[in-house]
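Same chain, two partners: chain A is paired with chain B first, then with chain C.
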Partner chain A sequence: MRAIGYIAVNVFKESVRDKVLYNLVFFAVLLIGISFLLGQLTAGQDIKVIKDLGLAAISVFGLFISVFIGIGLVSKEVDRRSIYSLLSKPISRQQFIIGKYVGLVLTLLVNVSVMTLAYYVVLGGMAWVAGGWFLPAWEAPAVDPALLKAVAMIFLQLMMITALALLFSTFSSPILSAALTFGLYIAGHFNADLHHFDTVVASKPAGWLAKVLYYLLPNLSPLDIKAQVVHAIPVPAGYLLLNTAYALVYVTALLMGATAIFMRRDFK
Partner chain B sequence: MPAIDIDRLTKDFSVGFWRPRPYRALDQLSLRIEQGEVFGFLGPNGAGKTTTLKLLLQLIYPTSGRAEILGKPVGDLEVKRRIGYLPESPYFYDYLTAEELLHYFANLFGYSSVERNRRVSALLDDVGIAGERRMQLRKFSKGMLQRVGIAQAILNDPDVVFLDEPMSGLDPLGRRDVRNLILKLRERGCTVFFSSHVLADAEALCSRVAILADGRLVATGSLADMQAFQVGGWELVVAGLGTASLDRHRSRIRRVTPIADRRYALELPLDPGPEVLLKDLIAEGAHLVSLNPMRKSLEDFFVQQVEQEPVTPARPAKRAV
Partner chain C sequence: MTDRRRPLVFIVALLVAAVLLQLARERLYAQDLPAADDLLYVRSEAVIQRTALSYDAVLGDAYWIRTLQYFGRGRLHPDGSHFVLLYPLLDLTTSLDPKFIVAYRFGAIFLTEPYPDGAGRPDLAVKLLQKGIATNPSRWELFHDVGFIYYWHLHDYKNAASWFDRGAEMPGAPWWLRTYAAVMLTRGGDRQASRFMWQNILRSATNSWLKQSAERRLAQLDALDQIDQLTQIVGAFNRRSAKPAETWNDLVSAGILRGTPLDPAGTPYELIPVVGHVELSAESPLFPLPTEPLPGQPPALR
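On to the complex of A and B.
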């Protein structure tokens, strides 16, 4: 357990030293810049747009970190041969995989937390400029705690994407891993369509195939509750819990797959 | 209990993309290395030395055969606590400093912070990079990285240490330091298994060697006992030797190579010894520059072995070049 922690901290250290956290500056500048522009252009709708944009930006920035660091987590160690010394120490290959994953999730947690903080600061600033925390034209307060639910769901999506990138990183090249991970991220947002595909096609095998794919591919759309929270539509706790459980089970399965592949690998 | 026990260890790799075919990198290697030995694992590039080391570190899995370290199967976490490994041309996390890297690895052994600090400081001094302890590894030269690699390999005071080409990338001073370090490890009872393609390294350090060529063990034992490496003659270098004197003793010399004005390298037969001729030459005004025994070089031996032994049927595919 301790070994996993040390490996994770090292991944985090690598991200910091490789200036991954610089994205936070871009995020803050982007958000402040857009909010300033919106203040000039829209009347009353600006807070809703900035809420939408902010959540989308957290999601996109997180996605890029997940994919671009995730795909190199294992392959970089193997290509550069730093794994030789590491695996000769008293750690197992399972601990290596879990440690790498936890390290990137830790990096994402720090990133998403700081982005969320910046997001709330910008929303607070806009409310202050507008002259109130909850104006009648708005559907929800500016600094709405419900936004945290959406951020939490984004974080779960990122955990799934990171696990996917790590899985691909255990056996394929970084470019292929990136393509596969991005592909599955996109497919994951349209996955719900596969569920009822059998009702719109006559071919039974096609229906079954769609069903299999539905269960196999990551189902990301239920974790996307940005629109609901921005429009103040309540999201039940049971729904959140169920989807959290789904994400964690999916991540566990991916990590087991990654470990199984990694356990059999020869480092030539 | 032997330190390392290798029994018919074999490794095949697949080569080719469209029609993968097996290529045997290591063929039925059996070796037994006792505790406290400094064992040289010699062979030319591509002989299977690194493959063997990777199998012993479980970085790759064998096609057949088995290996044990300190009585336990390779890969066992208890074994990993008691061994050290220096990979060939090591590469480490370049965003870390030498000190941070050693602390990271020391943490994996579960040392307390006091113990960690003590070991890391002592090692940085021992391998001669204490002054660069806070420099990021991306700024290190190849030789300095090799020193970091050696430090991490002996961080845990291992009972068995595997060094893959430990002299590679080092300047003469560095090579001397590594030799001294290996001797120090031997003094404290550590088993050292090191690979090299330089015979001189093995001669200076090893109690026994194994020679590998084309994935097969071709010889094992002490270098002094190996027929192939016994002294076959002498190389005598003298200065101040006149041509008349040289002509007078020509029949006692196998070959003469002029080096500079009145300076010659003389190849002498094993019998009689060089003492009498040397005495005569000195009496005629020559000065001794050097006298060295002549042995077959490791390279000659490899070539002879490879030419002697045809590819066995056990080898399923032609060697990839």
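On to the complex of A and C.
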């Protein structure tokens, strides 16, 4: 456990050294800058637009961090040959993979938390300028705690994407890993098509294959509740719990896969 | 200057030079610059929904902002295009964010108003609102807006009453929606009924643009009342005097009016000599006044 902690903290420190946290400045400037411009452009919908934009930005920034750091987590150590000295220490390969994953998730957690804080500060500022926390023109309060549900679901998506990137990082080059991770990220939003594939093809096996792929590929679209939260549509707690359980189970499976592949690799 | 600062100074100087060159090009070859055409690259809602991945709501916002810019620019500089892209833009906005109620409601207003204040297409406005009702079946505001278009723009009181009635069934619908339905069936295009509706819209408006629009409509209704009164005054003067009134001064000199009558926006009314008609000036911010149905005319002919 301690070994996992050391590796995780190292990954976090390395990402700080790599100036990953600079994206937080970008995020804050983007939100504050756009909130100043929006008043004249949205016909009174500036709070709604900032809510949409903030959640989308948290998701996009997180996605890029997950993919571009995740794909280098293992391959970088191999390329730098630091893997040899690492594995010669009393660290198992499982601990190495899990530590790397936990480290990146920790980086993401810090990023997402700070972005969420900045997001609420901007929304609070806009509400203060508008002269109320919940004006009749808005569907929900400006500083709406329900937005945290969407942020939590984004974080779960990022956890899944990080695990995918790490899995690919254990056996392929960074470029190929990035392409595969982005490919699965996109496929993860088209899953509904696979689910209903049997209604558009005559071939039964093709329909079955699509069904299998639907259940096998990461299904990211149910974790996207941004629009519901912004429009103050209630999201049942049971739905959130099932999504959380699904994401955690899927992440565990991916990490086990990554470990299994990494165990078989020969570094001699 | 230290060696470390020298490159920075060069970079800033080069950027300034680039800006100056751009300015020179724009000044010297202003006519050759291609005009920014109003283009809509993607028209298929299915394609845009798919390519948006999980960013459909934020893309919907981008299309909403584009719609407002397109509409605002067209109103400021009418080019006779009759806002041909307005409906496709609103259609894409609402396909990307089907719960964006404001886009349906404002979009319907933009589509309904006669050109150049809008696209002059109440049929498309009804289509947009019906799309909104399909995805938001319990929002009484959308039923209200369809009813209002049938009432105000299409003068189809039977249909208007039906939509107001359906809206009144929705949860949270205000009591006066049921009254609208009754008023439509009994009094149709009555000016008092219009005033009642616009006052309600003014009271419930959550947006300054909608508030201004309702205030303008109420001022137009006041202007219609004043025009009726002035027409009666001019008619009575013409019947009494040997020479019909040619200017407002004739009535002022006779002591009938205290001065040139002004509409609620402060622009003088126009007196059409000989016939004795009173009209709103084309210079008035209230111009043009809404058309009123002739009494006793069946809705189909209006």
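Definition applied: the second predicted complex is superposed on the first by the 267 of 268 C-alpha atoms of A that agree within 3 Å, B and C clash if a C-alpha of one lies under 4 Å from a C-alpha of the other, contacts with A are read in each partner's own complex, and residues count from 1 in each chain.
Methods note: a contact is a pair of C-beta atoms (placed from the backbone, for glycine too) under 8 Å apart; a residue touches a chain by one contact, two chains touch by 3 or more.
Bear in mind the structure is a predicted one, so any value in this text is a computation, not a measurement.
Overlay on chain A: chain B and chain C fit together in the combined arrangement. After overlaying the two complexes on the shared chain, residue contacts for A:253 are found with neither chain B nor chain C. In the superposition on chain A, contact of A:266 is made with chain B only, not with chain C. By the touch criterion stated above, A:233 is placed in contact with chain C alone, chain B being left untouched. In the superposition on chain A, A:85 makes contact with chain B only, while chain C stays out of contact range. Of the two partner chains placed by the overlay, only chain B lies in contact with A:14; chain C stays clear of it. When the two structures are aligned on the shared chain, A:206 is found in touch with neither chain B nor chain C. In the superposed three-chain arrangement, the CA centre of chain A forms the vertex of an angle with the CA centres of chain B and chain C, and that angle is 150 degrees when rounded to a multiple of 10. Shared-chain residue A:148: touches no atom of chain B or chain C.
In the superposed model, A:2 lies in contact with chain B only, and not with chain C. Nearest C-alpha atoms belonging to chain B and chain C sit 20 Å apart in the superposition, given in whole angstrom.
Common to the chain B-facing and chain C-facing surfaces of chain A is no residue whatsoever.
Interface residues of chain A, counted against chain C in their complex, comprise 41-45, 48-49, 52-53, 55-56, 59-60, 135-137, 139, 186, 189-190, 220-221, 224, 226-227, 230-231, 233. On the chain C side of its complex with chain A, the touching residues are 50, 53-58, 60-61, 64-65, 68-69, 97, 99-102, 106, 206-209. Chain A makes touch with chain B in their complex at residues 2-3, 6, 10, 13-14, 17-18, 80-92, 264, 266-268.
Here chain B touches chain A in the complex through residues 13, 54, 57-61, 77-78, 80-81, 83-87, 89-93, 95-96, 100, 104-105, 107-110, 149, 152-153, going by the rule given at the top.
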